[in-house]
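Two complexes follow with chain A in common, the first pairing it with chain B and the second with chain C.
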Partner chain A sequence: MPMTLTQLVVMALLQIVLLLAFVMMLVPLITFAERKVIAYVQVRLGATRTAGGLWGAQAGRTHKSRTLTGGLNGLMWYLGRVPMLSIFRGLPVFIADAVKLLTKEDIVPEGADKAVFILSPAISVISAFTVFSAVAFAPGALFTFPAWFPIVGGLPFNAFLTDINVGLLFILGISSVGVYGIVLGAWASNSKYPLLGGLRSAAQIISYEVPLTLSLLVPVILTGSLNFNEMARRTATEVHWLAIPLLFVGFFIYTTCAFAETNRVPFDLAEAETELVSGFHTEYTGMKFSFYFLAEYANMILVSALAAGFFLGGHYLLPFGFQTFLMKAGETAWFNQPSILFFLGKVLFLLFVFIWVRATLPRYRYDQLMHVGWKYLIPYTLVLIFVAALIRYIA
Partner chain B sequence: MFKTEEMEINLGPQHPSTHGVLRVKLRLDGETVVKCTPIIGYLHRGVEKICEDKTYFQGQVWTDRMDYVASVSNNLGWAEGVEKLFGITVPRRAHYIRTMLTELNRLSSHLLWLGTHALDIGAMTVFLYAFREREQILDCFEAFCGARLTTTAFRIGGLREDLPPGFIKQVQAFQDRFLDCLDEYETLLTENRIWKKRTVGVALLNADDAIALGVTGPVLRAAGNPYDIRKAFPYAAYAEMQFDVPTRTAGDTYARYQVRLEEMRQSHRIIQQCVDGLPEGPVMAKLPKVLKSEVNEVYHAIEAPKGELGYYFVGEKGSQNPYRMHVRAPSFVNLQALPKMTEGKLLADVIAAIGTLDVVLGEVDR
Partner chain C sequence: MQGYAPILLLLMIAVSLPVLVWTLSRLLRPDFYSKAKYSTYECGITPVTEAREKFNVRYYLIAVMFLVFDVESVFLFPWALQMKELALFGLVEMGIFLFLLLFGYGYIWSKGALTWE
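Take a look at the complex of A and B:
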């Protein structure tokens, strides 16, 4: 059914709002998960209550005081009596975090390049969120609006914003703009530690972009498409059995590069706390800092989504093309139906891996990082691409 | 065509990984360290001068605040130095208890080193594991003397009190699980590729340089020199203990890591021997009411967790205070090796080097 312009605009706006809300809500949830997972790895409890006396006088025990945070704590305390739910007691911390970041003094250091200093977190966060427009969370419609709904009644609501046929190219292009935010922000701070951090991260992100992109070429070659939906479907269901180990290796190379791309341990050199204080965002406070923070976590979601889509079978149940075998059981079986739940499950698992690795591994040194990137990952991915092309030629 | 310029950067005195208030002035060419100058003195309290106005009994309190993560070792050095000055013989049971507590303290100091060193290199979990065990040791100290860090554990001539009831059981409970905990740290680090990459061949210091710079302790032993005062000039009850002095020849950060971990195993062994062979008897020697020295001088060194900790006393005729007191602090001397270890290396190696030297700024500045 062709849509009118109004319908098109309203639908797009609805999707944008939903997508932004989804990512924006996922980020604080990941930070909470990060606290909890790392805490449990380190045999401690992590966040169990929210501190501070927001809105109202602070009195007595934290969960009985007449403040907003006190009330929240009280609520969560009762929730915590349900055995499995007790780990969520500290959940309101992210609200407190957001309030704190919003109300912090916004400092622009003296001697900083003011315009660039303010602009660069925006560059990072805009590029991080724009990328999601090409990510398909599920193929086809999530639900259909009922007919009585104003303007968009009777239209399907897609789980992707755009269905560009060069989706992957778009994703890689936009996401690599984010590094400008980091480099410019570091440079504009007019401070030495951020400068070192910015230089590190420029070198790091640019060198890891190469193997990252090359490893994504493996599914591109195998499927012959650049469209997110199409690639996800074909790598899950139409893969030649010879290509399964290829996807497996490709996945590991991709994940390694993804850790470097998102500045996470063991490649968190740009913000290595024990070396560079905070790296490129040392001079940033308040919302400007939280923009970098949002961008970093949004990038984590993005690289997880890409890995889930191209290597782990996307919206289908099984990873690495194993779904191909299941498909013989008939397309109508429940395990052969694509679902947004499978996709989200994989994304969440990968996000867990990010946190898990952070709790376990030490950090690489700058020269070793370059060494790993240029001397190992790039040659390996080139071999992978060659083999992928060979398989494509045979099959 | 392009102008290049070296950058000068101040690492500290407020920096997450300078372990207190060490300030290191670095001259950087990109990420390469051209010149490294440690600047100290931010924590100077003049302990040596203060002790000239304190009696020998009072002075020990100040030793707690030098190397505050190994205060029992500091107490032992002070007490034994003063006993040497006055020719006091300490009962055997007191020697055993002192040895046991000092070795527990060595464990707690090494655990703190392990945790912070790993944290500096980016492995954050080891820190919390190490602190979990350190907590148990501090509980033992608390049971013994009521304090966890600033213990002032000993008295001149022995101990103030005998062990509290249940103390041996508490130590034994720690002993029973500690070796497993050590294995746990090792699974996270020893064969970890990234850990090895960050430590093998990093911050090299060979034995000749170490001796020339006066470096002692695990840093010297990791360079291949088996100098350990517990063996070379036994004090307390170490002459009766069976233990090995672990050495490595590589002289790099990884070797120092291995030496310290092995030392923890040996400390565990010594503590077990103290627990098993604890003799009965008094814990305090008979002392005159007021200690007054003839003019004489004494140097007494012990093997503190960081290296040779020496106390030099000059007594004054008829005085209850030392005329002059000097501390040969291992952290202070070891810190000299930092430029040697880091110049020409990368910025990240400076962090590893500071961690592996295991300096405590309270002791460097005194």
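Take a look at the complex of A and C:
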């Protein structure tokens, strides 16, 4: 049934609201998870209490307080007495973080190029959000609106915003725009640390973009499509058995590049505190800093979604094309049904891997970073593409 | 065309979001001017020179090489999509293209453009 323009707009708006709410809720939760996971790796407790009320830090004694954070803290404290739930102690800290960032003074240094300085974090965050329009969280509809629903009644609510046939190209193109935010922000600060950090960051991101794009070519070659749904379905369920080790290797190369693309440990040279204070966003405060922060974590979600979609079996149960064997059991079996839960499970697992790696590995040196990118990953991906082409040619 | 309309909508919302949040924080946040606070950060000392000085030429080299390899991946995408149709002709053609590229790659490697010290 073709939709009218009003229906189209209303439906898209509902999807966008859900999508942005998902991303913007997940980001603070990742930061909380990051604190907790790293703490547990280092045999600490991490954040267990949200700082007292609004009248000073009397943490620990204020859990019966009438203030919002104090009350939440108290609730969480009692929840924490249940053995498994104790990891959620201190959860309200993410609300406190958001409030703090929102109410922090916003400083534009005097030497800075004011317009560019204000604009560049927005560029980063806009590109990081817009990219999600081509990501499909499930191949079909999540649910159908009941008939009594105004305007969009009876229409299916899709788990993707649009199903364009150049999905992957769109994602790569828009996510590359984010680097402008970093470079321009670094330049506009007119300060030495941000400039050096921004240069490093830009060189790193564009260097690793080459093997990243090339490693994504492997699923493109295997499926002959750029559509997110199509690629996710075919790499999961219709690959030649020879392609399974290929996807496996491709996944590791892609993930390595993804870590570098998002400026994460072990490739977080741009924010090497020991050398560059905090890299390109040294001069940024308050909300503008949190835009960069939001963009970085939204990009993490994006690269995890791409890895889950194209290498880890997308919306299906098994990764690396192993689902192909399961498909013989018949399409009606529950484990052969695509589901948003499988996809989100994989994305969350990959986000956990991001944190896990941060807690485990030390930082690379800059020359090692460039070395790995240009001398190893690019030749490896070229070989991978060649093998993928051969397999596609045979199969 | 219909598939791209929601993207435009998301773009509009994504553009308005930072503006809205920034305006909101503008209403909530304090704003006290102080000369020291608004000066450029340089480990606590007074900034001596302009930050926009000469920097290492390697960054420029990296950008040029990125351009080459990015154009390469732009060429690879259509081929990867039409592999079945182009068949052996495409495979050989792409092999020649990649060989030429690898030649250049070997050249920049031997010239030491990929080595940082």
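What we mean here is this: the second predicted complex is superposed on the first by the 388 of 395 C-alpha atoms of A that agree within 3 Å, B and C clash if a C-alpha of one lies under 4 Å from a C-alpha of the other, contacts with A are read in each partner's own complex, and residues count from 1 in each chain.
As a working rule, contacts are C-beta pairs under 8 Å (C-beta built on N, C-alpha and C of every residue); 3 or more make two chains touch, one makes a residue touch a chain.
Worth saying up front: this structure is predicted, and the values here are computed from it rather than measured.
Is A:107 touching anything from chain B or chain C once the two structures are fitted on A? First, second, both or neither.
second
Check whether chain B or chain C contacts more residues of chain A in the superposed model.
The partner with more contacted residues on chain A is C.
Report for A:319: first if it touches chain B alone, second if chain C alone, otherwise both or neither.
neither
Quick check on the superposed pair: does A:192 touch chain B, chain C, both, or neither? Answer first, second, both or neither.
Touch partners of A:192: chain B and chain C.
Classify the contacts of A:359 with the two partner chains as first (chain B alone), second (chain C alone), both, or neither.
Only chain B is touched by A:359; chain C is not.
Applying the document's definition of touch, where does A:367 land relative to chain B and chain C: first, second, both, or neither?
So A:367 meets both chain B and chain C here.
Could you look at A:277 and tell me whether it touches chain B, chain C, both or neither (first, second, both, neither)?
both
Contact-wise, after the overlay, does A:44 reach chain B, chain C, both or neither (first, second, both, neither)?
A:44 sits against chain B, while chain C stays out of touch.
First (chain B), second (chain C), both or neither: which does A:122 touch?
In the superposition, A:122 contacts chain C only.
After the superposition on A, what does A:210 contact: first (chain B), second (chain C), both or neither?
So A:210 only meets chain C here.
Touching chain B and also chain C: which chain A residues?
Shared contact residues on chain A (touching chain B in one complex, chain C in the other): 192-193, 196, 277, 366-367.
Name, in rising order, each residue of chain C that touches chain A in their complex.
Going through chain C, the ones touching chain A are 2-7, 9-11, 13-15, 17-19, 21-22, 24-26, 28-32, 37-42, 47, 50-52, 55-56, 58-59, 62-63, 65-66, 69-70, 73, 76-77, 80-84, 87-88, 91, 94, 98, 102, 105, 109, 114-117.
So in the complex, the part of chain A that touches chain C is made up of which residues?
Against chain C, the touching part of chain A is residues 8-9, 12-13, 15-16, 19-20, 101-112, 121-122, 125-126, 129-130, 132-134, 161-165, 169-170, 187, 189-196, 199, 202-203, 206-207, 209-210, 213-214, 217, 220-221, 224-226, 277, 282-283, 286-288, 291, 366-367, 370-371, 374-375, 378, 382, 385-386, 389, 392-393.
Considering the complex alone, what residue numbers of chain A touch chain B?
Interface residues on the chain A side: 38, 41-44, 192-193, 196, 200, 265-266, 268-269, 272-275, 277, 358-368.
Which of the residues in chain B end up touching chain A in this complex?
Per the stated touch rule, the residues are 7, 9, 15-17, 28, 31, 118-125, 128-129, 132, 188-189, 192, 194-195, 197-198, 346-349, 351.
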